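Next up: the structures, one after another.
Shared between the two complexes below is subunit A, which has subunit B as its partner in the first and subunit C in the second.
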Partner chain A sequence: MSLWVDKYRPKKFGQLTFHPQITDSLKSLAATGDFPHLLVYGPSGAGKKTRIYATLNELFGASVEKLKIDVKTFTNASSKKLEFNVLSSPYHLEITPSDMGNNDRVVIQDLLKDVASTEQVDFSNPGKNGVKHRFKVVIINEADSLSRDAQAALRRTMEKYSANIRLIMVCNNISNIIAPIKSRTLLVRVPAPSVKEIGDILLHIALKESVKFSSNDPEKLRKYVDAVARGSAQNLRRSMLTFETISMQLELLNVDNLSSATIVLDWEVIIQNIALSLRRDKSVANLAKLRVTFYELLSHCIPSRLILKTLALELASSETSHCRELMETAAVFDERLSLGLKAIFHLEGFAAKAMVIMS
Partner chain B sequence: MTTQYDQQKLEHTPWVEKYRPKNLDDVASQEHAVRILKKTVLLANLPHMLFYGPPGTGKTSTMLALAKQLYGPRLYKLRVLELNASDERGISIVRLKIKNFARLTVSNPTAEDLRDYPCPPYKIIILDEADSMTNDAQSALRRTMENYSLVTRFCLICNYITRIIDPLALRCLKFRFKPLDNANAFARLSLIAEKELVRLDLDAVLEEILVVSKGDLRKAITYLQSAARLGASLLAEHSISVNLVREIAGVVEQPLLDALLEAIRSKSSADIMAIVKKVVLEGWSAQQVSDQLHDLLLLDEGLQSEKKNAIAKLLFETDRRLNSGTDEHVQLLNLLLQIAAVV
Partner chain C sequence: METEFSLHQSILFAEPAIEKPLEPVKVPLLKNPATVPSTKPKKVALFNGSVISLKPRVRPTGIGLDEKGDSFFSMDDLYERVRLRDELRQSRKVIDEAKKRDAARLAEAAKETAEENRLLWSDKYRPSSFLEICPAGNERQYRLVMHWLSKWGSLVFGNAKIDDENVDHLGRPLRKILLVHGPSGVGKTAVVHLLARQMGYHVEELNAANSMDTLGGTDADTGRGANIAAVLKLRVKNALTTNTITAQGKPTCLVIDEIDSASNTAEIVRVLADVLRSDSDNRTATESSSGTFFLLATKKKPKKKFSLNRPIICIANDIYSNSGRSGSANPMEKLRQFCEIVPFRKATGGESMFGKKINASAQKTVKAHLADISKKEKLNLDHREISEVFEICEGDIRASINYLQFSSRKLDPELVGRLATSDNSSNKDKTMSWFLLVDRLFTRDQKLSKEENFESVMRLVSSGDEKTAASGSLDKVIRGCFNKYLDVVHLQDDLALRPAMISDWLFYYDALTTGARDASFYPTLASLKFWSLFSDINPQKFRDTNSLVPNARGLEFESFELLKKNKAVVQRIVDQLPIETKLSFGGTSSNFEFYACQFIPILDRMFSPEIGSSRAMSALQPFEQALLKKLVLLTETLDLQLETQRDTELNMTYLLFAPDWDTIASFPSEEKYQQKRKLTNAKRQWLFPLLQQELDAKNASAQLKRKRTETPDAEEKGAKTKKQKLTSSIEYFRSQYGDVAAKTEAPVSRDDSSRIWVKYHEGFSNAVRKNIGWKDLWS
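Here is the complex of A and B:
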């Protein structure tokens, strides 16, 4: 029993459905048996990882799926022991250096150099078209949250050991990546799939899993799956999870009831309520009341910047006349949030400012 | 003699490394720096040096080429210490590793090396990406540089000269590396294209590569290689088109930009919110969008100077915020709404 997300994850290039252009490009890169360092970026749930694994599959064959988790230990400058999880197969490593917070530079320096300065000797698997692979692939997740130091440490390593190592960096936005890294990599942009593309995939799954609908009229079915896709902001992973949840909860999916197609998450409801209360009651007393809610959200590990963003967009879309001022404030507080430490100050600051703007 | 092993290894080397200049004559552009450095090769006397300039202008390449020309391959290993940001460079390393290396006396070169290379009687320490060194580490270098200047010369390489503390900068002869001019970069690119048997539609393709890489030769070569790899099996006729280059460089498509401008002109916040959502979902980077908006709006003849001034300020503010790691969606939306208010 695995989740549909994993069950229907394409493993090879042939199974990928949307973005044929990107797929073709990666395929032709893989076909030459070599590729430059890659920087794959795009919104979450757009299929970045899936495409990377398909590329690795094409390059090295099925053995890249034999993953194991190692725990490596490092010592940082103040000789503190750090433990770090590395997901690896015989041909690649997958790391998330941002797990280490400020110590990510140590990981980059030690681990990458370690891998990079040993050469791959590969006799057993000559690969397709007889090319022996002399390099190991390292996938770096969440490259956008790497510290500046760690990125600087990458620069020369990428060049010096380029014969032995290929980096694939995955991130959501590339504004945080320093220019020297960008100039050393091939940028691959993976856009979110369109509503129709997600719909196609969902319908395909529905057929395979024999999900029961109240009517089999194709037009209504299409409308229903489109609603699922739209409700999860064109995030394929989230649409699939939503779709699975809905079909687990309900025996029979009522295609006429489109509101059942979206699952609004708890925290989103709470933020919507905050926005509503901000607009209704602009007083200090209300601000004090909202503090509790903000704390509640933060203690449930909702990232502070996500709260700010959702709240700002919620407010801006309902108060069109103050849209500009609201976004201006949001931009200022967004910056403060990413620089500062204590999230509650900035969230409350934004709430107070928004009240002033709207009154 | 190149064995099959070396051959294969070379094939897997990125072109940027493969075509790194082997001697000073190969360095594209930067005539000023190269002329001075060539003199120093003849005289075999080198001051401490500081190279600075934007990425991809050949700072590291020049220094490595110079060191190779001075010492030759055998002596190079003994005489040159290359440290970059990927090495630990805290204050302790400066005190131990660098100082220890700096105070070693030089060994006598063999007669063979002396015949082929100048082999001057000092060592070189190359500190690449010196701007990522801490201030403490930099200050620890000060006295070391002077004390052992008889046997060791330093070469600091950095992007931003402002991040090098004054006492260090003043001890060095400074070379500014300017972004490559198109003629030189073009020559270099077409040489590589020729050697790698890349078939190009037109010279227009190379020119496009130069435009999108903005004087960064490394970027240009990476683009060329990526385009060649992609083009090799993508198109039947094995050639690279201008569109492919734009796609690789992540340049925002013209229709989308037009739509953005239209939304700005319409001044409707609902329209702007919709288009920003689309831009973000398609994964375009906010920095790239603001870059291209900058080009479009500031070169627009129809706008008055005051308005351009205000827009430039907005773009600057957004760029700064994006650089400190803020959310793209919020910042881009804010930028467009503010511009709409100005235009």
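Here is the complex of A and C:
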């Protein structure tokens, strides 16, 4: 694959550049040949997955990267057949139970039992220190969107089958994870890389890919890549995608023009416009107009909570005097969005409340 | 009835005048004997009760002859009278008989009309000739269908070949299947059937209902999947190759209706693909047998020839539908590739790629069509009412006709008037109770106190509670209130204060109804809050105004549909990603947030670079070349297809990628949306040919490479086993050929015109392997 995100993804601990403490502790964890259940969390684009795979690589060797996709079928309570994609290597499985919506409990139970009941026999790779890996690793993506039932189902499984399974749960936020699971796992927080760290990586890539800049003044270069990193909200993945896109669009990157270093996506522009119109026109007629826009955003697969978050931050940055109330309201509505199903009610509600607060 | 009957009589009988001359004769005959003797006035009571006095006529006495003449009976007169009376009697009899006969006939006629009434008008007024089709803004499409069908004429009927670059050597259109799509009720099926019949075909229809039928006798239980596919294939082939008795010797035209909604779409498409494949195999065979090309499969048993020589037309509502399982490939996607696509559209506002626009002339024709029907059925609808019906049915012609028929029974002017003045969003459901309830929730009764009013509303809301909450109509009520309250507030004080308050209650409702909580009573409180916050004494004023939110009711559904579609697109793109890339994007998860919010928009940016300096790859600047190479690589790894879509209305061609992410990456509500669209299209006009060219070149060089790697293999083997074999002429030529390929390979990838192509038999296996030498190739 030609995308830089792919090309420059570190595969081993040695290639990881930032968060040295986390890398080190993971390394020492892997060195023992065994590890407890992990709960890795942090914002997206911070390198959670990369670190996990680096750990697996350290543990099992490069064959972890030999991946294939299996389709497993489950039957739920009403004997409906469900299909489910599982990414697997000889040593681990990767699942995203939230793909199954309400049926995630069935998937968790069946799959884990299935894996746990077969003991891993590993003759070919005796591993370091002569320890044979008798367990299989199961990576659970988006663990925060697991339903309560599924989490409760996990809880017992984690203890019962701990001889054969190691779980690595990945999520953005641990507030949705029930306490018993938190207590059964080793929490690893991977914070977003700093602007400088992202900048380093981007400069490294620019060097390798021979990206041309209008000036080679290191000071200016640094400023430029920092602008890229900041424009992508310190999301490394997005920064790399953005940087690649920019360098594809322009032959020569103008380091003096910092605004060219960011790509503001269409939906972000639209949310900015919403914030603008909310501040300008605090009438119900405007609210009605915004409803159409909200519907449009939602129908473009943009998660409602992301809309709310972006909008709230946008509002708060321009209305500094009401910042506190706005964020408080946004928090309330964020909870409502995650509890309820009818996103449009709450988005409009937030817009109305914001109008009241600002007027 | 009365008038009709009398009219009927007068035509039937030539001498109705007979009765009339009798009268004056009769009267004196009866009167005279009574009046002659008495000279006094006499009172006579008539049958109807009135009394008249009869005076004897005073006659001049001088003329006695006259009186005398009256007393004498002229025999001629008498005979005449008798004859007339007989005649009268006769004619009466005839009339009576005729009456009886008429009555019988009338009864029959009544029965007949009843029969006719039983027909749906949408069937009754189904066009039976090309001129009867209502244009509805689709004339171009009709012509396209006709044109496509007429191309088959040369093969099927032996007409003269149409000289066109779009036909193959047999005169068939290049794309052998026509795919007609469009919203329901615009006349796709009617037009296709009609045109096929007019061109002289017998229409064989396969639709969602009968496509699952198995042939009689075959047991579906054993080996079901394979069996059904086989049966289906048989059916299709039968339809294409045989003539049925009922067709009266006409050739068959296979029409597959509702192909997108059939439960076995995937199978139908597979069968169609099979048919096409077997046909194109056949074509190459016939071509090669004509001597110009080399023949590869000479050793194969000559299979029974099959050539597709009957047109196939598929009809679908939504060719981009993804009804299948999300994981599997979309059958419609496959179908689109080998079909000529003709999009039909509604007359209301053809939704072109450039947003919605109103097509006035198309609307006019539909309305004229409806007016015609109303005239024929004596509904006496005026223009306004017809456009009302048209609006209600949203341009769906079939629905409009149905609506006309079923409302015609009760279409009295009052009702029609109400229909026209009722709320302008004109929802068919307006009589339903939840709708009334929503209305009620926004009204406050002036006469009652606030408490009494609240009591009455509460009783109203909670009375139907058990039922309404269970059937989900409470949700409808809340939705209805939600759609309406902004309009109400807008006319009251236009402040955001109360909307902010109701949001808390809406959350309360949402939280209580989400999840299987047993709280059937409490959610109704939200609707009460709507009443207490927004109810108005005079609800009439906001009923008549235009809604602030255009299409408030449809919005929810539309956005849901779009979301579904977009999710399918995202899923498709995710499925196509290579595993390694997925890994660096955060795993197998269909992490919509990342893909929809970051990856796809950025991908869109990547694929819309500035228009380059030249249209030829070689003339591009090195930077642009590098860019293109990268894009080509990306298209390959993401398995993107380059597609074109034609807008027949504007006669423009749009270029898009096969998982069409435009609906995700672009927002029609943006101010510069139209410009952006045009710009994107222009960029793609430049990009696509280049991409395609590069992709083709890549495929080509890949094939060459494959061959090259094959050759050394063969050489090595040859060297190992026997040296002599290497000297055999074919091996020698092969190695020569490999060298040539190696030499030419590098320059070839740049230059398209001087490349030499050798098609190699694809399904290569040792069983049918045949060595080819230069002689075979160039003799």
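As a convention for this text, the second predicted complex is superposed on the first by the 357 of 359 C-alpha atoms of A that agree within 3 Å, B and C clash if a C-alpha of one lies under 4 Å from a C-alpha of the other, contacts with A are read in each partner's own complex, and residues count from 1 in each chain.
Heads up, the rule we're going with is that a contact is a pair of C-beta atoms (placed from the backbone, for glycine too) under 8 Å apart; a residue touches a chain by one contact, two chains touch by 3 or more.
In this text the structure is predicted, and so the values were computed from the model without any measurement.
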Mind checking subunit B and subunit C on superposed subunit A, clash or fit?
fit
After lining up the shared chain so the two structures overlap, which partner does A:Asn176 touch, if you call subunit B first and subunit C second: first, second, both or neither?
first
According to the stated criteria, A:Leu203 is in contact with first (subunit B), second (subunit C), both, or neither; which is it?
neither
Figure out whether A:Leu82 sits in contact with subunit B (first) or subunit C (second), or with both, or with neither.
neither
Going by the contact rule set out at the top, does A:Trp267 touch subunit B (first), subunit C (second), both, or neither?
second
Identify the partner contact of A:Arg156: answer first if only subunit B is touched, second if only subunit C is, both if each is, neither if none is.
first
What is the contact status of A:Leu339 with respect to subunit B (first) and subunit C (second): first, second, both, or neither?
both
To make sure I follow: the centres are taken over C-alpha atoms, the vertex is subunit A, the ends are subunit B and subunit C. What is that angle to the nearest 10 degrees?
120
Touch test for A:Val195: subunit B only (first), subunit C only (second), both, or neither?
neither
For A:Thr32 in the superposed arrangement: first (subunit B), second (subunit C), both or neither?
first
Upon superposition of the two complexes, what minimum C-alpha distance (Å) separates subunit B from subunit C?
11
Using the superposition described at the top, list the residues of subunit A that contact subunit B and also contact subunit C.
339
Taking the touch rule as given, give the residues of subunit B at its contact with subunit A in the complex, in rising order.
8-9, 11-14, 16-17, 55-56, 84-88, 90, 128-129, 132, 159, 213, 216, 218-219, 222, 225-226, 229-230, 232-234, 248-250, 269-270, 273, 280-287, 318, 321-331, 333-335, 337-338, 340-341
So, in the complex, the side of subunit A touching subunit B is made of residues 24-25, 27-29, 31-32, 34-37, 41-43, 46, 77, 108-109, 112-113, 132, 134-135, 144-145, 148-149, 152-157, 159-160, 162-163, 173-176, 179-180, 182-187, 189-192, 233-234, 305, 308-309, 312-313, 316-317, 320, 323-324, 327-328, 330-331, 334-335, 337-339
Per the contact definition, I'd like the list of subunit A residues that touch subunit C in the complex.
1-3, 5-6, 9, 44, 49-50, 53, 65, 67-69, 71, 83, 85-87, 94-96, 98-99, 139, 141-142, 170, 237-238, 241-242, 244-245, 248-249, 251, 263, 265-267, 269-270, 282-285, 287-289, 291-293, 295-296, 298-303, 306, 336, 339-342, 344-346, 348-353, 355-356, 359
Under the definition above, what is the set of subunit C residues touching subunit A in their complex?
325, 327, 482, 486-487, 489-490, 494-497, 499-500, 502-504, 506-507, 510-511, 514, 548-550, 555-556, 558-560, 562-563, 566-567, 570, 578-599, 601-602, 605-606, 609-610, 621, 623, 627, 630, 633-634, 637, 663-670
